[in-house]
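Here subunit A shows up in two complexes: once beside subunit B, once beside subunit C.
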Partner chain A sequence: MAVATAQPPANAPSQQRAGPRTAAPQSGFAPWKNPSLPPIVRFENITKRFDDFVAVNNVTLDIYEKEFFALLGPSGCGKSTLLRMLAGFERPTEGKIIVAGQDITELPPYERPVNMMFQSYALFPHMTVEGNIGFGLRQEGMPKDKLAERVDEAMGMLELRQFAKRKPNQLSGGQQQRVALARAIAKKPRIVLLDEPLGALDKKLRQQAQFELMRIQETTGTTFIIVTHDQEEAMTVASRIAVMEKGVLVQVATPGDIYENPKTRYIAGFIGDVNIFEGTVSKVAEGCIEIEGKDGYKFKTRSTEAVTVGQSVCLALRPEKIRIGREKPATDLNVIPGKVEDIGYLGSISHYHVRTAPGERITALRANAAHAVEQSITWEDGVWLDWPVDAGVVLAG
Partner chain B sequence: MSTGTSGLKRWYVIGAPYLWLLVFFLIPFFIVFKLSLSEVATAIPPYTPTFSWSTGIVSFLSQLDFQNYSFIFGDPLYVNAYLSSLKIAFFSTILTLLVAYPMAYGMARAPKSWQPTLMMLVILPFWTSFLIRIYAWIAILKPEGFLSIFLIKLGLISEPLQIMNTTTAVYIGIVYSYLPFMILPLYASLEKINPSLLEAAQDLGSHPWRAFWQVTFPLSLPGVFAGCLLVFIPAVGEFVIPDLLGGSETLMIGKTLWTEFFNNRDWPLASAVAVLLLLVLIIPIVLFQRQQEAEREAAR
Partner chain C sequence: MKGRFSWFNATSITLGFAFLYIPILLLVIFSFNESKLVTVWAGWSTKWYSSLLQNQGLKDAAWVTIRVAVVSATVATVLGTLAAITLVRMGRFRGRTLFSGMIFAPLVMPDVITGLSLLLVFVALGIDRGFWTITLAHITFTMCYAAVVVQARLQDFDKSVEEAAMDLGATPVGTFFQVTLPIIAPSVISAWLLAFTLSLDDLVIASFTTGPGATTLPMKIYSQVRLGVTPEINAISTILVGIVTVGVLSAAYFTKRQTERAERERRKAFGAAG
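And now, the complex of A and B:
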């Protein structure tokens, strides 16, 4: 028990890991910025209706080769339907799906160059691990020795060799998940689809599995498309994220972009924690606007959105961008006094819930860098919150 | 004190079914077995020896022998009846499976809201007496029956069908009567199969027809096995169906047994036939129980 770990405690807040990546593994990788590069998957005005219910509403989306693309949204937002249409299990009511330049809208699932990893894993219970992984290759009529080689390769990649002869019900959840992944990559498809692949794993295992997914995706150079409702997971694994809400694509961007520049209030709230101040624009200057808050505060913030004076807007502010201190800051800009109501001590960081005079509750976050730093601010302390001009994001409405 | 009474209660609960089996199965079996070792006699009851306290158990036992068994093995009539029963039971099991599988499959794939209704329809025939349903088949199958009239009206045949009182009619009767016993275990095992397994098979390049043989059928094997045994075991000893629908050519051990017992009044020989029938059926019964055990193990 004397082993010191550098890991944050298991209940560390999501913002820590979900924050913008400073050293993204694919920092130089941005095929979506290259207009001459053809996408590997193109959804063209895809609409899917089930009776009266519109599951997917006019979605147009390009996904590029070697991307790790995440479809993110709450359950029932249409992300799984979109994935199942790509796999061929659902037929779009309208629109076209093009994979590598070929229109596959009418192709049955067994003729599509994609393989899927199912949420329930869907491992064949009557076959061994080997049998499951080799299933797809057997359909191609691959010769026995070549098949064994490929199965062994996939098993090696996911450290499954010792379980080769076991049946799925003799494996743990994490092992089953690896078999399901091995089966999905064994045919070396151009695109691997993952439908909530880690939903059944506990938190710790899920984090390991996320890195394993990224490792497999990078070593095989395959395009991965993952469906998830877990924003952390999407932030961790994806090169780009498409956020869906009620069948519509709301924003498609890199994790950092989505976190720093959410397009709507919904996305700002869905990805990470956020403080929202409502107000009206009182002054518009070069790249900078002033907002008069509902509660009489004046904020100055950068803005790339085109807004006009008098328009009502929201200022979205991430907790970690807010400074908290007991001394009144030297500046008068973006400063709010308040009283500490609650402190969430999470080891590496602390959350401070501050009640302002008009009764608003603001969350600020501070890293506990020095020892016993949490003692410097305590419950019922009067504190000052402030943030720089470029900390917030202005959202319409 | 309390553990003593609750322990006793437990024994009552566990003991009750065993007591039932003892009184209604094991003791009758020994009576039949004892009868099979006796000899036919013109008396009431029509066999000898009968146990009496005056002569004692030793002299009683010394009069029992296996004569009836050697008689059965010596007469090809009985051996043929056994073999013919097994043959008819075997082929009707296969036929029942072929008819039941698509029905069970359809039920399992039907919308969830329909399934209780379909299940009801399968069980519905049980609301009418088995005997009456077999009599109804006579009305359908006889030369001037509904089937012949219907087919003649359609112009498919010109002469009435001669299937009543043939082995064909027996097959029809068995398949009809035992169909629910095949459908229900098949449905139970097919319904358990996760539909995403078939999606996975297709996703990996398996044509739906191949996916059926690679995934659905192997996973339904426990149901196939259970259904086949549930049909085969009672079909071997079937008496009513061959008696009512079959003809003189239809040789089945159940009928032979009945003739021995009621027509010839040879209770000892009939008992020996019954004991042998039980021995013939012990193998499939044990197989069935093993399979059920394995199912339970797998479900755990």
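And now, the complex of A and C:
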């Protein structure tokens, strides 16, 4: 297998980067769909309370070997606490943590088969890069020559050989980050935990580092569990994402699934941009429902959710699924007229903020690939928005 | 605010420093006095320093003082470091406030009371007073200073560095000796120097807790001065001032170097973020 995956330019839009990743190298990789495969990590009804505050509330979660698993959520949602419980720095108030079939809930951090990369990197300031990377191996009492070999291997993997004799304060932020990662993988643990590993890097460097993480994860075949509040980062690196909110797991799914079929309004809004239409169900047909919008519009959309007539629902629509044009479309289905209020030009794509007659604001997104004639939508233009039946997702409440 | 020269500031600084340092300066100058009379200047000489070397009583006292200072500073630094780690690292355990209060109370306790209470304890326990009782007493009162110095450093110490060590397989003891101690070493050294200096110039507590055969230098000086100041006393005092100055300055140097390093690391971290 070729080690180097083709790296698209770092400035490519995230949607394009997320696409081939989920499709290409790991297509067919879905151990969570195989009921006979035991998970490598199992959180069993984990609850963590700090005095009165419930940081993690009854979380049950399976993570499988070789997964790149992301815990995603805003700060304070309990994702870091969950990771720290797996590392052994916090003890769950209730529940069990099982790693590779062994209950590790009561084990101290230094007896667990996991290594962590810290948000602050937590490098040992009095040791060289070599010393930092070899620290874990020295605790095992590994013989000197073998240790040097393993340290060199880890340094090679992260292009750190030239910095071997430097101290952490003689390194740039990006180099420190690579040392922290090398130190976490040097012991070849079965599971590597990453706590906001790229939070301190600037955007450009962060994108490079994301691909580096993926490369290391694929070459070593280790299970990676990353905690992040950056949805784009989670979409880019992860095979599966668990979205947390206020200590509760809201949805666990592949990035594509979370984007296309968000389970709640919160997830729809948290991952990517979304337009939300509120309304009530007016008609239920085979796999298809009609919604009467608050503002009198009628939408027809596919629905896998079981809904009844009269129920109030939301229709979530991704901006890139809405067509925008100056001509009235031939169809009457899901068509709304409006006026362009704002245009966000991002180079490869443009965002159009359209105000409808009842005063709602809808965002539509269009790739700037079309010809000049089509491009000519500008401020204050009257436009028509429309979308196909299968473009939206119906969410309860 | 601009640092502009003003006569008022200049005068007050001069007067302040004069008040603080002229007595010490006089002491140093008169230690090089030829005359036997302390207040009459009769030309330069180092003869009191050489006569010091002949004075067995003063030499014995100096030797006792140094042994007391080394032993008590070492023990106090170990205990103070442990206390500081407990205070900073153990989180909120039951009785934490009481514990920290009891560690820091000797800082403000008058020496007379510390000395008297220790004396009562030693008498009640029937311990023969001498070298070891002075040492114990000095450990008691210098430990809190050591704890304060080490605690300050531990407080701005990134806890995740210790977590990383444990995560990589180091036991708590291994983590302490391989990671925590090397990082806080400068503050431990300055704590030792501070404790050493404090023990060196203590008179009150040592007087209460001493016994036959264990006279420290400050006690010796004090008792001799009551019989009249000799230039010899000036000489030994000058040496003491020298040692204390070196001790305090090196403690300050280690602390400063450490703060600077912490500051550099912080700047680096922010530089990387921005």
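By definition in this document, the second predicted complex is superposed on the first by the 368 of 397 C-alpha atoms of A that agree within 3 Å, B and C clash if a C-alpha of one lies under 4 Å from a C-alpha of the other, contacts with A are read in each partner's own complex, and residues count from 1 in each chain.
Criterion: a contact is a pair of C-beta atoms (placed from the backbone, for glycine too) under 8 Å apart; a residue touches a chain by one contact, two chains touch by 3 or more.
Note that the structure is predicted; figures quoted are calculated from it, not measured.
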{"item": "Fit-or-clash call for subunit B and subunit C when the two complexes are aligned on subunit A", "value": "clash"}
{"item": "Touched partner set for A:108, first subunit B, second subunit C, both or neither", "value": "both"}
{"item": "Partner chain in contact with A:148 - subunit B first, subunit C second, else both or neither", "value": "neither"}
{"item": "Subunit B versus subunit C as contact partner of A:120, first or second or both or neither", "value": "both"}
{"item": "Touching partner for A:174 - first (subunit B), second (subunit C), both, neither", "value": "second"}
{"item": "A:135 touches, of subunit B and subunit C: first, second, both or neither?", "value": "both"}
{"item": "Which of subunit B and subunit C A:187 touches, first, second, both or neither", "value": "both"}
{"item": "Which superposed partner A:87 touches (first subunit B, second subunit C, both, neither)", "value": "both"}
{"item": "Contacts of A:98 with subunit B and subunit C, given as first, second, both or neither", "value": "neither"}
{"item": "Overlapping contact positions on subunit A, where the subunit C interface meets the subunit B interface", "value": "87-89, 108-110, 112, 114-116, 118-120, 122-126, 135-136, 139-140, 169, 183, 187"}
{"item": "Subunit C-facing residues of subunit A, complex", "value": "87-89, 108-110, 112, 114-116, 118-120, 122-126, 135-136, 139-140, 169, 172-174, 176, 183, 187, 200-202"}
{"item": "Residues of subunit C defined as touching subunit A within the complex", "value": "158, 160-161, 163-171, 174, 178-179, 182-183, 261, 264-265, 268-269, 271-274"}
{"item": "Subunit A residues within the subunit B interface of the complex", "value": "87-89, 108-112, 114-116, 118-120, 122-126, 135-136, 139-140, 169, 183, 187"}
{"item": "Subunit B residues within the subunit A interface of the complex", "value": "194, 196-197, 199-208, 210, 214-215, 218-219, 298"}
